[in-house]
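Think of it as A, B, C and D in the order they're written, each chain with its own count starting at 1.
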Amino acid sequence: MSFFEQYAQIRKHTEQICLPLRTEDYVVQPIVDVSPPKWHLGHTTWFFETFLLLPFAEKYQVYNADYNYVFNSYYETIGNRVIRTDRGNLSRPDVNEIYQYRAYVDEAMLKLLQDPISSALQELLQIGFNHEQQHQELLLTDIKYILGHNPLFPVYHSAETKAKRETSNLREMISFTEGVYQIGHTGEGFCFDNELGRHKVYLQDFSISSELVSNGEYLQFMEEGGYGNFSHWHAEGWDWVKNNNITAPMYWHFIENSWYNYTLEGLKPVDPDEPVAHISYYEAYAYACWAGLRLPTEFEWEVAATKFNWGIRWEWTESAYLPYPGFNKAPGAIGEYNGKFMVNQKVLRGASVATPAGHSRITYRNFFHPYLRWQFTGIRLAK
Amino acid sequence: MSFFEQYAQIRKHTEQICLPLRTEDYVVQPIVDVSPPKWHLGHTTWFFETFLLLPFAEKYQVYNADYNYVFNSYYETIGNRVIRTDRGNLSRPDVNEIYQYRAYVDEAMLKLLQDPISSALQELLQIGFNHEQQHQELLLTDIKYILGHNPLFPVYHSAETKAKRETSNLREMISFTEGVYQIGHTGEGFCFDNELGRHKVYLQDFSISSELVSNGEYLQFMEEGGYGNFSHWHAEGWDWVKNNNITAPMYWHFIENSWYNYTLEGLKPVDPDEPVAHISYYEAYAYACWAGLRLPTEFEWEVAATKFNWGIRWEWTESAYLPYPGFNKAPGAIGEYNGKFMVNQKVLRGASVATPAGHSRITYRNFFHPYLRWQFTGIRLAK
Amino acid sequence: MSFFEQYAQIRKHTEQICLPLRTEDYVVQPIVDVSPPKWHLGHTTWFFETFLLLPFAEKYQVYNADYNYVFNSYYETIGNRVIRTDRGNLSRPDVNEIYQYRAYVDEAMLKLLQDPISSALQELLQIGFNHEQQHQELLLTDIKYILGHNPLFPVYHSAETKAKRETSNLREMISFTEGVYQIGHTGEGFCFDNELGRHKVYLQDFSISSELVSNGEYLQFMEEGGYGNFSHWHAEGWDWVKNNNITAPMYWHFIENSWYNYTLEGLKPVDPDEPVAHISYYEAYAYACWAGLRLPTEFEWEVAATKFNWGIRWEWTESAYLPYPGFNKAPGAIGEYNGKFMVNQKVLRGASVATPAGHSRITYRNFFHPYLRWQFTGIRLAK
Amino acid sequence: MSFFEQYAQIRKHTEQICLPLRTEDYVVQPIVDVSPPKWHLGHTTWFFETFLLLPFAEKYQVYNADYNYVFNSYYETIGNRVIRTDRGNLSRPDVNEIYQYRAYVDEAMLKLLQDPISSALQELLQIGFNHEQQHQELLLTDIKYILGHNPLFPVYHSAETKAKRETSNLREMISFTEGVYQIGHTGEGFCFDNELGRHKVYLQDFSISSELVSNGEYLQFMEEGGYGNFSHWHAEGWDWVKNNNITAPMYWHFIENSWYNYTLEGLKPVDPDEPVAHISYYEAYAYACWAGLRLPTEFEWEVAATKFNWGIRWEWTESAYLPYPGFNKAPGAIGEYNGKFMVNQKVLRGASVATPAGHSRITYRNFFHPYLRWQFTGIRLAK
């Protein structure tokens, strides 16, 4: 696929995710970690305008100089930005205006992509595509949060691809022997800077489950008092449970003696065979503790991932998000992409049902704060 | 005007206030004191449904049982309600759904009002009309807040009725002699329960200004360091100034060496002849202190108000919001209307440019916490 | 008594209140409203040094220039001060050093008082005496808080003068007829500036109880669900109850099926005949509401107080703390004494078991925020 | 040295650290991370009473059953505890009472240690000794905080052993070649459970500085705007700098154009040759970034530490605090010691001037949250 086609296809996919929305759904921001859908639409557009059109497209006219202030996310290099908690307070630019902004930038981009493409531009295009795909995933999880925390539980669409475990009767622990392994990205394709620096690590003997933990298994943890026994938890996980009265995964509701969870198809009975989702690292760790096992490290995961199916839940690892040996920040604003978040976060590996096709690979390193649950996060056990 | 006509006219006026809005403007809640316009539309409708249709309209079917949860404001008697800070997180019911809800309730109400109207119903109608009018005022001030705190400063309409002081060259202090005066509502028309209990008060000699304080006069206070001199301020007013970095009235911006303020017509140069607006009680008090005068009490204001023009700014008084002698809460939910707010608030008298026609009188008691500024509040001095 | 004798006696009384303390008890500050006893000792000394010795005592040498920073309470005119919440973080100056500071200042003061005393000095002496007496009351209530919130419930002394209601079988409502009454201080003796400006008020017919509400009566309110029924409460009182899980007066503990309260003699069974103490304005109001009565205004209280016994509980009134007609702040730091607190507080009348002899009168206006309970506050009903 | 002698010596050393204190200094808790010295004295005593005397000393009588509530730190297994922020609010038990408690427990312990000592007891003794030594270090750093945040800057002692860099003119980068290295404790001596599980790691080529970063070098970072340039910082480090107005290491004061820092000998000019101390991980990372280098991992540090001098600053590493392969929590309360803190903290290696003799080794893993600065923390660079 040419860059031109890729651009057109990726940008269109973002808008398709928004098709089931009503105008009002584009506007709200119920918690600080969720952004309004219209902000995602504008921000991904601003990214192409700022980092590709301005430096590369001759005589490009900025669409609206005020939009830099509204749609910058966290790039300190580029100037002031709307404080993150304020995104949901802005009714303007409105949804139509943002779609017009997209159309304007898309036209300029597609024009730019008709000409020969320098390698410097190619590199930024790759980042722009992957950036937009990351926001596609966030867009869907943010939409789920916005609809799933509305007391009317509106349906997003009526045909969510259900993430069934197909081989639950074939669960096994896959074993690996100790030794030196290679970690990190290699080869031709795109990767983020945090995957670079392929290097050796020494792993001890370990084994890892072929399957994710299911809702049914997690329910057993709940029923055996998992949320009430501090000995399974980190100290700050326990504080998090107590301060927020956590008693189940996000989106679960106990109604007339059975458990329901909000899905993109609406409120449904919890399916015991589906992999558990929307749990924090604290919960993943406590579950593993209760089960007498542990979470894998990100290195174990990367070594083992050719032996099991993955891709429907982001999988919490025991690893902290840290730079690989030789990691170097790129200069300028693009260099703010990853490095500055490398403290107090946990690595997740894999991908989820919300990840766009083509936006996952075995070396991909996702990362979140340990308390976050609004992503499709899950648990794979190791020992 | 018949009750039928009154109902139709008042309900229509609410919707007219919303005409210049875009869908997105109906949704957001930038601060806890502001409600989303769509919430005002739903809440006033819920009020008629709950307090008039349910008890009085035969076989009335509730439009949607979930709406009680969404649109109840603070009536503890009526059940759970959406926590106030959550109003801006709800994209559903959407704007169209709420207009349909209004239409449904309006049809039932107008049908009800074609029959003879009992005195019990008349009483609740009066409350419903006045309640809706109060929300009309809030609607406009909340819209101003939503648009005026957007970095794009969108225009609401292009013909705001400017509140000019006409007689600024005729400013005078009007004097009254000490003695016993009558305070509180009397006569036939509607009033709220907090105005009832006409009673005598003893006032000392006092005089009161014929004019409100102007922007130009307030600017002089600012230029002479009024915000930097603690001796003009209450202790908690001074804390408020320091903690919030207050240096000017709300909506004022200092741009390229002159003062602008956001108006419903957009960002405009501050007009020195216009009465100052959007100031807190703390600021009103500090200004009076700096001017060597004081704010009037609500009793002085009520006694004097036949002698001056009023109605474009809500005027802060020195009086705390307290019950009149003999005040009694009505039983049930309607009794939650006023009495339970009678602590830690200040009385404002008069009305503002945002007050609907017919919704003001000389005995009207408005009340706000001393730090609030989003209403069209102003200053009249006394000594 | 001469000024010399008065000074010596009042200053000695402060130290006598501290006699039962251990060194550690002088240091801590469990909540922001409580000050460490050693701070009270230093602050009252600093008051005499700053406002009397420095201007009036020839060649007076400041004891330690750093103490101004440590012992200033809230006088913005005099320079920086230790932020109130920090008082309990300061182990130095230590208790001995503060007693030495007291001795140094007392010596200089007593020397000054041997000479003829100008009327300007007399006025400041009166303020200094009354200021020290106010702190004697705070000292005792702060000590009660410090010891009463320690899990070991240490005894302060073993002979607390119990505040018994003597005439509980003679309870009656004393009636007054409507008309103009005189309010405010008159005559020769000392009063604070907030009592001045004797003026007329018009009161309606009212009656007021001869007795304070007892623990037994308050217990009935509790047992009938008073803390669980929002209809008795102000909206913000109800929030206060819910947010702080309030279910009883401060210092009450429910142990093995009966109620105990911490007293200066230690933990004791609640005495049903004693006047209830340590309740907030919110609770006083809710109790009155439940009882079908109301709290008196401060004017009613002042008019009626010659007809009943008072002086063992500070009595909450319905009145907000506001300036009397003609109130003027004194210039300079002394002027910061009262006026700047005249917003968002309630007036209390009377005196308490903690008030030093001679420091109460019928026109005295005490004031606290509505949520405060650490004083010996009580309830007298009116209608 | 026999267990008997070791016990006596270690317990005495704790009390010697407190010798320069006045009674008041034992009581206060200026921030949540600091504990009052009297609490350390009681808590270490409670540890021996609870984990050694109760299970091993026949007929041992608990000194005071209420002390478990007061002196438990965070052992959820053992029952309720005083909330950490409340420690500084407790004036009782007083200092004398706590010394009596120590004497009572010491007598019982020394009696117990005269008999033959089982291996189970030996193990707990080792933990108790090391626990007391950890608190000796905390005691000194907490005392420094208490005195150093008092506006009078009191001196702790007048002969602080100055931590001079002796070889500053011999600074070099020591190189190591890539390969498999052994990490973790081995051999006979005591270690904590978090050091166990000796295992192989693969390290890349690296070099590490023979010296700590000095005050003079850090000052250069400050003078070149290090605190004002976000590109050196983690995103949350930058927020920390902005929200707390951080412009220098803790205890530094800019007075009349030069830098002073509070030391245990009082306020002194900053010595440019001394290793910088009292900096957060965020600052250590930003400094390394500015210097074009990085912090070592804990594995690099452990491999290299035989080649340089260490022991005067706890040294921040880039490693997150995570379990070693095969880590297992001990059962019961002792198992709460380390494992439950293994999230969101950074590893520090080495020891500091506050570490008691004998309480350090090359495999020791200390850990703190990235923002903490009250320990004697420092910077060693790697690349």
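FYI, a residue touches a chain if its C-beta (ideal position, glycine included) is under 8 Å from a C-beta of that chain, and two chains touch if they have at least 3 such contacts.
Just so we're clear, the structure is a prediction, and the values are computed from it rather than from any experiment.
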Chains touching both subunit A and subunit C: B, D
Distance from subunit B to subunit A - Cα centre to Cα centre, in angstrom: 45
Centre distance in Å when subunit B and subunit C are each reduced to the mean of their C-alpha atoms: 37
Length of the line joining the C-alpha centres of subunit B and subunit D, rounded to whole Å: 57
For subunit B, residues contacting two or more additional chains: none
Chains grouped in pairs wherever the two touch, ordered by label: A-B, A-D, B-C, C-D
Residues of subunit B defined as touching subunit A within the complex: 22-30, 38, 66, 69-70, 82, 86, 88-95, 146-147, 149-152, 154
Interfacial residue positions of subunit B with respect to subunit C in the complex: 74, 76-77, 178, 180, 199-202, 204, 230-231, 233-238, 281-282, 285, 294, 318-320, 322-323, 325-326, 335, 340-344, 346, 370
